[in-house]
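As written, the chains take the letters A, B and C, and residue 1 is the first residue of each chain.
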Amino acid sequence: MLEVKGLTKRFGGNVAVKSVDYSVQQGKINAIIGPNGAGKSTFFNLITGVHEPTEGTIIYKNQEITRQPANVIAKLGVARTFQSTHLFEMSTVKDNVIVGHRLRTKSNLFDSIFRTKRLKEEEQQCIAKAEESLDFVGLSHVSDQLVTNISQEEKKRVAFALALATDPEIVFLDEPTAGVNPDETDEMANLIQKMSDKGLTICLIEHKMPMIMRLAHHIMVLNYGEKIAEGTPAEIQKNEEVIKAYLGGTVSA
Amino acid sequence: MNILTNKKVIISLLIVLGIVFPFIIPNLYYLHIMTLAFIWTIAVYGLNLLAGYTGYLSLAHGGFFAIGAYVIGILTVKLEMGFWLSFLLAPLVTMFIGLIIGLFALRTKEHFFAIYTLCVGYIIYLVIDKWEGLTGGVRGLIGIPLPEAIGPISFQSPTAQYYLAFIIFLLVVAVIYRIVHSLTGRTFVAIRNSEDLALSLGISTKRNKLLAFVLSTFFAGLAGAMYAGFIRFIGPEIAYTTITFDLLTYMIVGGIGTFAGPIVGTFLIVIISQNLQFLQDYRMLIFGPLLTLLIIFSPRGIVGFIQMQLYQRKRKKQESLAYKNREEETNAGG
Amino acid sequence: MELLLQQLFNGLTIGSVYALVALGLTLVYGILHIPNFAHGALYMVGGYITLIMMTEAGLHYILAMVVSICVVGLLSVLMERLVFYPLRHSPPIQDKVAAIGILLFLEALAQFIWGADYRQMSTPFGQVVEVFGLTLTLQRILIVFAAIAVMILLYWFLKKTFTGSTIIAMAQNREGAQLVGINTHKVAILTFFIAGALAAIGASLTSPINLVFPGMGHLVILKAFVIIIIGGMGSIPGAILGGYILGFTESLGATYLSADYKDIIAFVLLILILSIKPQGIFSKGGV
């Protein structure tokens, strides 16, 4: 459903991503792993339009999106989360999520000033979507709390809800469990599974190997910006190059 | 619900107060001060839309205020156009200049944007100060006419001018209220929180930032045009950074990014300043440190502080209620 | 030809002062990423302290300047401790507002204590000398040489002493500096002191040929911002080079283009640069 060919990104003299071919498998949980500095986040940023690739093409649903800006890509149904959450702390959880559905609405300044029928309808639609997403990630009970008063793990869930509110078909998750304790990590894994069960295509970057091995259907390994392996968790665990890349450490749990 | 009804009561009371003010205090001087406060508040609302809601601190706001004032001044004094047509054109011309500057200025971010707009403000000042043929240079423009009478309503008296300013002020407040409490306002706030996140949510940050910028210059231009029509004399000092910093102070004291902030900050400071007349030139001895202290200890100003207190009180109440319920349950159980 | 030489020398004089002020600004920006809008107020206070030390305390110009350096340096440190340090984790808009608050306060304070009128500063270096057929005042020559001496001293301090190298290290990589055991508080304090001192030197040097008044810092600080954007925010050679470039451009522009609009040159330059390269000229693109 999303295909990448010869994707390369150079920053000055450094090559962050080097001629990567990859395709995200529809309806599956796809994972990208690799040592620190392997270019995983850059790879994400290229696909979601945060950075422009130096070379290569990105095709989503038979449509080339290579140099499209991030907001256009989002409208096509590609959502993402960031490593840090960037929420407005002094506002309620629900208020933070409502804007997530903005991209599916058409109201403009005129509608806002004159409170047209379209605006009222679309606002209701955004609120309903926010409630639905919060319910899905299990946060209905805190939807009226200020973000500053909820836990780190809950903030991560809010970020998920925001991504879901955009009505995506594919969701990119950048280290969804960074800074979250082990128990909560399991719960996050369950949530990711739940998203996948709902029919969403997932692509995530993670460091926590046990979780990835349990969750992912398909894994790609990046090292120094290059793809060194790709396959099922079982194949990846046996792959010698991967083991070498992780400096002799075991990949399995 | 309680707070909501309270809010409505407070707003109605304030509007009534605004209407009867000229009768309770029939003092021309106070009427003058209040009229000015309405005008400043409109400019501060423009600044708040951009800096408070969208996160872009523009230091050219005084410049756009001056553009609005000078457009109406030049149109009426030099071209002898009618007041109302000029008054209509002033904010529109300001907005158009804002659009062109915004297209370039908004390519920069954070510090660069602040410095860029500070320079834009200075250029506006220097152009007004030096371009004698157009602006009258340091002598300024004298004799901006009064608004022409609309039917039986004439704007000769200060009281009539007060009501005119008051009506425009109420209109602006209503429009701003609708903007910030709609999807448009939410879009601005999303940009302030994180542009990367906003983009990933499918929001065109470029277009929305430009919208916020242009709107902010519109309100600055409107306030400038009202100022020129009210004072009827303008000089280059209204384009100086002092005005920008005054507006900034009103906004920060009231509460940046809050809806009531501009009104609270502007009226509070304007009224205090009047009562500290002896301080006139040195008012920044008090307001300068106040600005710095507020931004450290209550970054969202007076309104933000009160909101936080109210919220915490509500939360505590809920918590103690929940605690009580639990205790009762255990008691009943035991 | 003589006019050109004269203007070039003027450019050198103005450029020297610009470079000193911009150096302080760029050092602070490099360490803390704060665009210190209050820097112009420090410059103004520097001018006043020197003036007052001469007129009220009867000190010699040079001695008065030393007092001014210490006072403004300490004032600058105070600012860091009381305002910027508590705000170190806040969103960037707050630093700027806080700095503007300080600026407004210091200006009002100066006006309150010393009045709003323009004051002249006398100098023991008022003699006129002829060099290569040019008529120059000794004060202008002093400005150029003193500024260059200060810059060489600063360069030596930053490159050759351990304390100085900690500043450079922190400017390059804050977390890294912390990891190798550099006391970042100390470095911040030191940087603010140097920045204040540089502003005081700049103001004290230029005051005898300009005037001392509460708003004297406005244009200078704005131009210093223009300079460090031209030279690269945080870059030391950039600030020096930028200072001289602007100095020359202005003095030549005033003669050959328009004296009325000479102050606009800097701002138009900045707007052109940022319109084309929104991250400044020497920004490191990418991440």
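By our rule, a residue touches a chain if its C-beta (ideal position, glycine included) is under 8 Å from a C-beta of that chain, and two chains touch if they have at least 3 such contacts.
These numbers come from a predicted model, not from an experiment.
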item: Chain whose average C-alpha position is farthest from chain A's own; value: C
item: Closest chain to global C-alpha mean, per-chain Cα centroids; value: B
item: Where chain A and chain B are represented by their mean Cα positions, the distance between them in whole Å; value: 39
item: Whole-Å gap separating chain B and chain C, where each centre is the average of the chain's CA atoms; value: 33
item: Length of the line joining the C-alpha centres of chain A and chain C, rounded to whole Å; value: 46
item: For the chain A and chain B complex, residues of the former touching the latter; value: 48-50, 69-72, 74-75, 79-80, 82, 86-88, 90-91, 95, 98-100, 102-103, 105, 107-109, 111-115, 119, 122-123, 126, 146, 149, 162-163, 166
item: Complex contact set, residues of chain B against chain C; value: 51, 55, 57, 104, 107-112, 114-116, 118-120, 122-123, 126-127, 130, 241, 245, 248-249, 252, 256, 281-285, 287-293, 295-296, 299
item: Interfacial residue positions of chain C with respect to chain B in the complex; value: 33, 35, 83, 86-87, 90-94, 96-98, 100-109, 111-112, 116, 218, 222, 225-226, 229, 233, 260-261, 263-264, 266-268, 270-271, 274-275, 278-280
item: Chain A contact footprint on chain B (complex, rising order); value: 175, 178-179, 182-187, 189-190, 192-194, 196-205, 211, 215, 300, 304, 308, 311, 315
